[in-house]
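The following block contains the structure, expressed as structure tokens.
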Amino acid sequence: MKSVRTFEDLGFAKGEPHRITRQGFPEAIFCPGKKTEHILSIFGVLAQGPGPVLATRATPQVARALLKHYPKARYYPEARLVVMNPKKVRMKTKVFVLTAGTADLPVAEEAAITAEALGCRIERLFDVGVAGIHRLLKFRKRLKEAGVAIVCAGMDGALPSVVGGLVSCPVVAVPTSIGYGAHFKGLAPLLTMLNSCAANVSVVNIDNGFGAGVIASLIAK
Amino acid sequence: MKSVRTFEDLGFAKGEPHRITRQGFPEAIFCPGKKTEHILSIFGVLAQGPGPVLATRATPQVARALLKHYPKARYYPEARLVVMNPKKVRMKTKVFVLTAGTADLPVAEEAAITAEALGCRIERLFDVGVAGIHRLLKFRKRLKEAGVAIVCAGMDGALPSVVGGLVSCPVVAVPTSIGYGAHFKGLAPLLTMLNSCAANVSVVNIDNGFGAGVIASLIAK
Amino acid sequence: MKSVRTFEDLGFAKGEPHRITRQGFPEAIFCPGKKTEHILSIFGVLAQGPGPVLATRATPQVARALLKHYPKARYYPEARLVVMNPKKVRMKTKVFVLTAGTADLPVAEEAAITAEALGCRIERLFDVGVAGIHRLLKFRKRLKEAGVAIVCAGMDGALPSVVGGLVSCPVVAVPTSIGYGAHFKGLAPLLTMLNSCAANVSVVNIDNGFGAGVIASLIAK
Amino acid sequence: MKSVRTFEDLGFAKGEPHRITRQGFPEAIFCPGKKTEHILSIFGVLAQGPGPVLATRATPQVARALLKHYPKARYYPEARLVVMNPKKVRMKTKVFVLTAGTADLPVAEEAAITAEALGCRIERLFDVGVAGIHRLLKFRKRLKEAGVAIVCAGMDGALPSVVGGLVSCPVVAVPTSIGYGAHFKGLAPLLTMLNSCAANVSVVNIDNGFGAGVIASLIAK
Amino acid sequence: MKSVRTFEDLGFAKGEPHRITRQGFPEAIFCPGKKTEHILSIFGVLAQGPGPVLATRATPQVARALLKHYPKARYYPEARLVVMNPKKVRMKTKVFVLTAGTADLPVAEEAAITAEALGCRIERLFDVGVAGIHRLLKFRKRLKEAGVAIVCAGMDGALPSVVGGLVSCPVVAVPTSIGYGAHFKGLAPLLTMLNSCAANVSVVNIDNGFGAGVIASLIAK
Amino acid sequence: MKSVRTFEDLGFAKGEPHRITRQGFPEAIFCPGKKTEHILSIFGVLAQGPGPVLATRATPQVARALLKHYPKARYYPEARLVVMNPKKVRMKTKVFVLTAGTADLPVAEEAAITAEALGCRIERLFDVGVAGIHRLLKFRKRLKEAGVAIVCAGMDGALPSVVGGLVSCPVVAVPTSIGYGAHFKGLAPLLTMLNSCAANVSVVNIDNGFGAGVIASLIAK
Amino acid sequence: MKSVRTFEDLGFAKGEPHRITRQGFPEAIFCPGKKTEHILSIFGVLAQGPGPVLATRATPQVARALLKHYPKARYYPEARLVVMNPKKVRMKTKVFVLTAGTADLPVAEEAAITAEALGCRIERLFDVGVAGIHRLLKFRKRLKEAGVAIVCAGMDGALPSVVGGLVSCPVVAVPTSIGYGAHFKGLAPLLTMLNSCAANVSVVNIDNGFGAGVIASLIAK
Amino acid sequence: MKSVRTFEDLGFAKGEPHRITRQGFPEAIFCPGKKTEHILSIFGVLAQGPGPVLATRATPQVARALLKHYPKARYYPEARLVVMNPKKVRMKTKVFVLTAGTADLPVAEEAAITAEALGCRIERLFDVGVAGIHRLLKFRKRLKEAGVAIVCAGMDGALPSVVGGLVSCPVVAVPTSIGYGAHFKGLAPLLTMLNSCAANVSVVNIDNGFGAGVIASLIAK
């Protein structure tokens, strides 16, 4: 037990390659604000572990540097994710990833690719926002199969409440920073979701697709 | 023309009994923060005009004082409104008043009674919040008849966006102060509504049922 | 009826070309955060419908790409709008578009062009802010002809309240992000307008000229 | 299927007694802002369903009224909950309910009793806030058994991050309104939790013990 | 010179009876949060000076205690002010005190009585808010005589901008806490006034009638 | 009288060259968000009046364009002001302009040059912030000569309170956007100044040196 | 070592009587939101330790209950503190406690009594706010003796910056909730203090006199 | 004594080279918003004093200019600090500098280099955030040696609370602007730290490593 708790001390960082063994999900590298050389070093430490290695919010430059050193890694530009050693086996439970609009895609893809790397089976339903509710209702039956639903929405952030009333599973709501004016970079949908009248909705940080993917995978287990 | 612009100067207040002739809607008395004797005086001035006289947010005490002096007036306790000389004739256009929950009733009734006093034909649809979307969808057909829709919602404030996508008329959204925690006394639904992804939604102040009623009556004309 | 509710599923987006038939106003493309190729595809889907096709907040680059594929479309650079197939017939009701200052023009033009594309007759009154009230008062008579008034203002956002007291129609107030310091990118005029002491004022999101245009066109009908 | 979607229309409210069949959790009555007579009527409607009936934030007065009409119901004063017909069978998965301080108890109990009424097996760990981390660490082993962890914290709201790093299951964080000054009635711990550096933490509204209990029970299934 | 800078040390407070000699306006006692016995002691110290002694936000209880000890003092209940030894001579310059509504009176009276105690000649214009601009315009000529204008407004706070454009003197704007919803206890009119498009407007704290009165008196000199 | 109220209508703008006759201070052009050609046109209109013409927040580009057309104009790069036809005569009253730090200079210079253009006699005291109070106190005597004091401060915004206690004239406080972190672009010193414990302090918008200069000149008269 | 880390588990709370041995300051009971019986139990547990036992924000009722059970305890009503077994020995270092106004006394006394109970030598300087800077400067020499300075201020919160520039020791700034309007219950002075231009100022939560007392005692050691 | 209080007046700035003699810490130059030539002049003035000269937030350009004129100075790019004449002697007391993550390094280094320049003995512990609490606990023993602890954290800002519970010295918490979404550029960890449940934690402004370093050095003395 003790051994998996060990971390490697790089001075500027302490990497924990075996977090997935200990916690069921891996440590990931949040790239913004870190130097590329630091990212490379930490990636190397994490790659010593058994499970998927993820670098989030990776710019193309960072991704290029990582792929050069780690040719097995793969870059998902829309999701801004670099992934290495994803899980191969798929769990039975279906994780639905929904978006209210087209501009929510990067966040939704971050969630979907993360959950997939952790072994989830993903169904995508994009651009089904509530101002044209018939688009969502067309998929009402398929939604019944959801074991978890990740719902990404900017603007008014109303979609998770409606989805929450249609499914019989937990809903992980992800406010996105898509909007303008009184949207305040995601504050509006964040508040909407926290005040959701559907009791099965919990919320993660604005644009936090990675967190939503991790939580969905833990629930799916 | 000039004559109807005249106001009566009470020193502490300047009442305009003929605003309805000039603008199509009457001056109303917003009671909080005013002394009962002041309210009585202003009510007297406004009663000299042709149209409905309204006192909003009237406590039972204020209402009692008004009804004692103006026996023709009527008190609507749920709406906290005192109304005298409402319009008798009903316009053809139907004004729908919807609420997301039961606790939004006082605001919805303020809107409904105001619009009614100004000649509107009202349809009420209460407790049709989006977390149980089938409740709203059951009335989808009836909603097609709406010439204007007033939608009152607290909590996540998501209802106006959904209604906005179902009707072919303007939607006046009224955020209510019903909620708790990150609701911040109505700020959450206010932001939701301002960011509505339905383009036909405009918004009034938190709990401002009176304003919504006035606007609906002007649109219905 | 059912047929017009159908949408076309592009995977990343679900376009609804017949929304104008169903709701009286068309779906529009909000360009920011969308890839140009996505915008082109959605524009193509929406162009299958009967009515005006609009792309809002279009940069010159996006506009060039659209006009290349859709030579019938027209770009309004000040309004940042691309419009195709606008309505030809003009409604009788006059829609007034007012601004407090010169810098509010882009938002005002977005509202005006949108309403015009939907068949409205527009009157423009620009730079009539309240700190020189005689500028506005000079147009007092003309204002009486308004069937709807769209009022765009940044800074203190005081103009809608004054206009609201001069007209006998609904006022759609549009706060703009023009200002500095304690303006907080439009928050100041937004709050001013929500607290307007004129009862006929409703509000849309900061800089939301498109929404104001849609609502005005629905009221004008 | 259709039948369980039916709701009963009381005019002021629309109750859905079979939501638990449809969604796996029941509709609950949020008492504040509702008249006692309304609460009684809705409780009656919900009691027609198969599952637990819950009234949240019930004052002693409301509870008395409910227990008089529904003697089978039980009042939990600390949790401010009235519960009738709780589930008898217990699921295997253990739901841990932790608090940072003593004053977080009412929220924690609301979560615990709710989850219990929905069939969960509950373990309570109270007053284990991070300023005396050894209190929490003493229970480190027991925490490994958690299938879900509900963590309630006011003040700095730091506990969910620490717990999130110790368990291998989803953490549902509940900010509480316990604190003063720059706490802003729960805003401080809410922001802390949304920014948690532990990826398995999702958040519900301030003081929303009921929502946390529902989500935990859905995950436990 | 030095002597007038001396203060009297009461331990819990340090009173400066000669501030008016040094600065042209007196120290005043802001009563809330102070014990009545403390208020009495400080009042006694300040009464040793030459000029007016003022206690602001005085409840009737506090006022009664002060008038019992200092029979020469006078209580203005609407303004919540206790004043002793006001200046007798009146300056030539006229100070106008305007309010947008009736509920702004307490703040306006605090400003007026303060300025009067400091030797100003006061003109009151109450309830001339911008939603009925003809009420204000009727007094346009009289406004030309103003040497300073104090403008108190709650709700949208738009009045100072309009007055600022009509006068040729400085305008001291006082936001009041009168309003509801998105008014946030005076924040809305405060922001409006800070963003005033009239360049001659400066602002004091919400409800700060006393400060406005002091500043007006200094300008009037 | 009437003639000076006339404005020139440019369509996109309405210029009032005689505002200085009517109000004692001129209309100025706030440059940001306006096209250079528009600025040139408005400048031309305003130049028809008798008094100083000012363009604020002028970039070097805008200034170059203005000086090319109006060679009599002068650019003050630190103040970002273009001024033409400043008043020649100096009033007796001294206007002091103080800053807390070196970085507040641009705002202070905007205030100083504006006031100077309107006929004020200016004294500058820069970098006398309260954390080294002896720097300010060294000028205590000179401060006694002030007829008005403009105090510009970012960071903690504490300087106006101290100056307010040293002078016997009105203080116009200008919060600046200089600071970082919890400064929130000037919000911190703005709140400090609004809550100043010196009663002779009024406040203008963040970085609004122009407004402060206008107000000071009106007081100095 | 291990033994002093032990805590006593009361179920609803976990008390640590030996925290003072381990950390140099004791655990204290923050009374609001706790039942009196709970407070009594925790007080009993903490009383088993060697050092001072403190209950903060104690109402007179709570204090009475505590003193009945623990006659050795003493109640300081102004500070709202109950203290038992204070340290007897006094450290050499002088801790200065300053307030800007009279209404800051409760917070200042909480800080002073706490520090005293922990062995500090206290000097009090009350009502020396910056709007009458000569009051503070009179004590300039005495301030040189300070080993730590606790500065409590509401309103504009400017005092810590000035004190910070006069002393050669750390300053612990305590914003108080004394003020009104744009003070927002202490937010204004909190921001002022965080942005202090004196580099030796650190800040604790609004009204947190206890924390300031603890930190001062740790520094004094 | 008097002589060391003297400052040098550069007009745009007033430098105080002997502040370290008077206060125990030097005046530093906060570079942003200052012209390079101004920075050079002030640096020159401060270099006349006995102690360390510091320029904070220096860009490489500014640093280059300084080092060219003052070859004895040294640039620390990560800390963005230019330092000349640091203290040589080291105090006994150990100052610990901790970070929650890798991206907090620039702020931590600013604190560490500042404290070092003022004679402190520094121990660095980086990337020990609470989501992997075992990383911090590994250093539990070493932490006991701390005389002061500076704790830098972005994201949830939870680290200072945990450290506060492990040490027996004052903790200076520095919120960093590292994070996204509901982090609001450091507001989230700032609030967390102000509400810390550890009583020995005080807080400085977001990213204010310099202030933390100064305070730590004063405590270490």
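Per-chain numbering from 1; labels A, B, C, D, E, F, G and H assigned in written order.
The rule we apply is simple: contacts are C-beta pairs under 8 Å (C-beta built on N, C-alpha and C of every residue); 3 or more make two chains touch, one makes a residue touch a chain.
Predicted model, so just to flag it, every value in this text is computed and none were measured.
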Where subunit A and subunit D overlap in contact partners, by chain label: B, H
Averaged-CA centre spacing for the pair subunit G and subunit E, given as whole angstrom: 35
Centroid spacing, where centroids are CA-atom means, of subunit C and subunit E in whole angstrom: 43
For subunit C paired with subunit H, centre-to-centre distance based on mean C-alpha positions, whole Å: 50
Set of subunit D residues in contact with two or more other chains: 132, 165, 181-183, 187, 190, 194-195, 199, 205-206
Which chain pairs touch, all of them: A-B, A-C, A-D, A-H, B-C, B-D, B-E, C-E, C-F, D-G, D-H, E-F, E-G, F-G, F-H, G-H
Subunit G contact footprint on subunit H (complex, rising order): 22-25, 28, 165, 167-170, 172, 190, 194-195, 199-206, 210-212, 214-215, 218-219
Of subunit H, residues touching subunit A in the complex: 102-103, 105, 126-128, 132, 134-135, 178, 180-183
Sites on subunit F touched by subunit G in the complex: 100-101, 129-133, 137, 155-158, 161-162, 164-166, 179, 181-184, 187-189, 191-199
Complex contact set, residues of subunit G against subunit D: 5, 7, 11-14, 16, 19, 27, 30, 32-34, 38, 42, 175, 177, 185-187, 190, 205-208
